[in-house]
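Here it is, the structure in full.
For reference, chains read A, B, C and D in written order, and residue numbers begin at 1 within each chain.
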């Protein structure tokens, strides 16, 4: 690895990262003892990489703390699911609560970290992850806006470029917003970023240099 | 509070044009028997408040398919198996008020708690706050949100006692306790009705004051 | 008893009523199956007159439904008190909840009746029962304002005249208000009243005629 | 979350000028050992939020008697045995913000739930709403009420597990669960700390996320 200006570390021989590798990176950056909500989809993979004994507690917004891994076989219980409506398990020390209490927990700023997917993130931390604004789309928002505004830190996991090559880290989101200035870190297949008032800072790159990356993005990198 | 033998009897009268709160998150806590009773009962032009807008062809989806729902207030209508809602929505045959999930819960809580309106951080700067009053309080921007009240709430719980105290099971608790506070008439389907004294008073989640009728299914 | 205009019933041979007799009158007027909060002091006496099998459930705002009678001897438990901080008992079918939930229950209009004491009640149902406005008084409000605004019906129990003979049912309260237009019935030692948009209507008199009563009050009786 | 051996260790650092939420309704749920630790710890110029303003000469009354409290936010300071508060108040030595009990609870809940402010029916037209913004919503008048946040909350519960999940006992539950959501640091005194898994997940009243330290006394 090569340290660069702004503290960026380049990993030219490693990357682009798989979803599993990205999940491992996110897991590495979550403090022991944190209370964490993992969004539906890719972020769910983070759970597999949380170190044993870290004391990290998972929240699921449908009303539970200390959610365990996916349920299999006889463990499956239709009354015990995660926010993606998949059967899960209960760890010792769990608790159940209703929706108003669950979202009070989230919106009151009690969760340390939530990890979300995204369509776009702006350099100032705006998040767009609930609607592409397509005319014929059936809109659905779920918990996205509550998580974006509620958790102390919002981490995003996404590929940095869409299938057509368009960057998803942008100067300003063109898709409908989920939340304003809420994302603090972005984990992608080719780089990780810290966002803040200073704008976007590259923390690490994978299989690409910081300069090559900068050339492909329209955002000014701090 | 009335312990009823059938879901139709528990449901009682529902008027055309009523607002119906329907519990459940996906199928967990979904009051399937009460929705079937509502289909049988016949009320139409309904506004349904629920987290989702029906799965597959049964339950809420069946009510929608019968053309009995004018408007859905929900947070996550689009699902892999929400084809009934999707079709109605695309055909312009159903109205949708999309509400962030936390706002949905908190707006019903407000209705149940006598709160006239509240300033809420969720949705600020997004299309779902457009046209709503905002205010900066202590440097943070909030949107003013209004209560959501139901004429009737249909909820799924685990056990009731004969007074109507309810306990739930695991994440099937979800919207039940909040909806029970927010409707004029509250009907619960449960797995079992136990005698008074059969529930631990420390563990009751919905106190009997909120419940009008229960049916074991 | 003699029915009078406006449906008033005079009981010339009975009265003034004792506090216990007033409590019995209030209890008579509470519908079976009601959820009821009895205020601190005199209203507590109402509990002794609720008919067995009425299904009336008592709420205490410190966090309980289906409160039982006062605890004695071995029943006394410092963790189980009423709003007056006296030890009470638990009836089968009870439930416990925290203060925000308890007051949500009250303020959300879920209680059918609350019974309160009063310093003054106006003919239009304004209630003054928390402060005499005396300069050196230590103010305290507790649950009075929440109960006044929250219950579907607010009944007041009080003597109709203060010790100095001043009426406590008044055209307009001079003491600081607890709530506006919230009292629907007033039970006193010499008469009971219904209040509403029409003003005060005498329902029954005890040991005094309606005319003699009207002469001692400054309010116009409907 | 830390299971501590002493109340002083559990209490930890409290800064001068801090806002301290103190649970209990009368003596039920009163965190007596934690208040004693606060007296020992020495922080002064405190704002105390509690339903009452101390009974007799111990607990909260002792903290007041030490001159350590600048302001009390409470609903019912005047009691038969509140002579310590009464004396300070009459001497002009303590500030009082009198709050209806339901507003006290709901304002702390709002702080814990991320609500910026709420319109509330209690107190409308009374001296306690003077100077506050009002609004008519659906024909009813409401007063705008602001959240109450604590730097630290001291609560009394019945049992904790080693993660900090709490259960309460009977009406001693009162303000504990709400205060636990509304303070930066939450400390609970309990009768017993049990192993993880020793509490029924359906019956946990305060989930572990809210609790920073517990001590069994």
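The criterion applied here is as follows: contacts are C-beta pairs under 8 Å (C-beta built on N, C-alpha and C of every residue); 3 or more make two chains touch, one makes a residue touch a chain.
Values in this document were obtained by computation on a predicted structure and should not be read as measured data.
Peer 1: Going only through chains that touch each other, how many steps at minimum separate subunit A from subunit C?
Peer 2: 2
Peer 1: Any chance you could check whether B-C or A-B wins on number of contacting C-beta pairs?
Peer 2: A-B
Peer 1: Among the chains, which one keeps its Cα centre farthest from the Cα centre of subunit A?
Peer 2: C
Peer 1: Between subunit A and subunit D, what's the gap in Å when you average each chain's C-alpha atoms?
Peer 2: 35
Peer 1: How many angstrom between the C-alpha centroids of subunit B and subunit A?
Peer 2: Here subunit A and subunit B have centroids separated by 29 Å.
Peer 1: If you average the Cα atoms of subunit B and of subunit D to get two centres, how far apart are those centres in Å?
Peer 2: 33
Peer 1: Counting only residues that touch at least two other chains, what does the list for subunit B look like?
Peer 2: Touching at least two other chains: 106, 109, 113-115, 120-121, 168-170, 202.
Peer 1: In subunit A, which residues are in touch with two or more of the other chains?
Peer 2: Within subunit A, residues 90, 96-97, 103-104, 106-107, 149-150 contact more than one other chain.
Peer 1: Check the chains against each other and report every pair that touches.
Peer 2: Result of the pairwise touch check is A-B, A-D, B-C, B-D, C-D.
Peer 1: Under the touch definition given earlier, write down the residues of subunit D that touch subunit A in their complex.
Peer 2: The contact residues of subunit D facing subunit A are 1, 109, 111-115, 161-163, 165, 181, 196-197, 199, 201-202, 204, 207-210.
Peer 1: Residues of subunit D touching subunit B in their complex?
Peer 2: Within the complex, subunit D touches subunit B at residues 106, 110, 113-121, 135, 137-138, 140, 142, 146, 167-170, 200, 202-203.
Peer 1: Which positions of subunit B touch subunit A when the two form their complex?
Peer 2: Per the touch definition, subunit B meets subunit A at residues 25-29, 51, 75-79, 82, 85-86, 89-90, 96, 98-106, 108-109, 120-128, 158, 168-178, 205.
Peer 1: Could you list, by residue number, the parts of subunit A that touch subunit B in their complex?
Peer 2: Against subunit B, the touching part of subunit A is residues 60-64, 77-81, 85, 90, 96-100, 102-104, 106-107, 126, 131, 136-146, 149-150, 176-180.
Peer 1: Which positions of subunit C touch subunit B when the two form their complex?
Peer 2: Against subunit B, the touching part of subunit C is residues 33, 35, 57, 59, 65-66, 90, 92-97, 103-111, 149-150.
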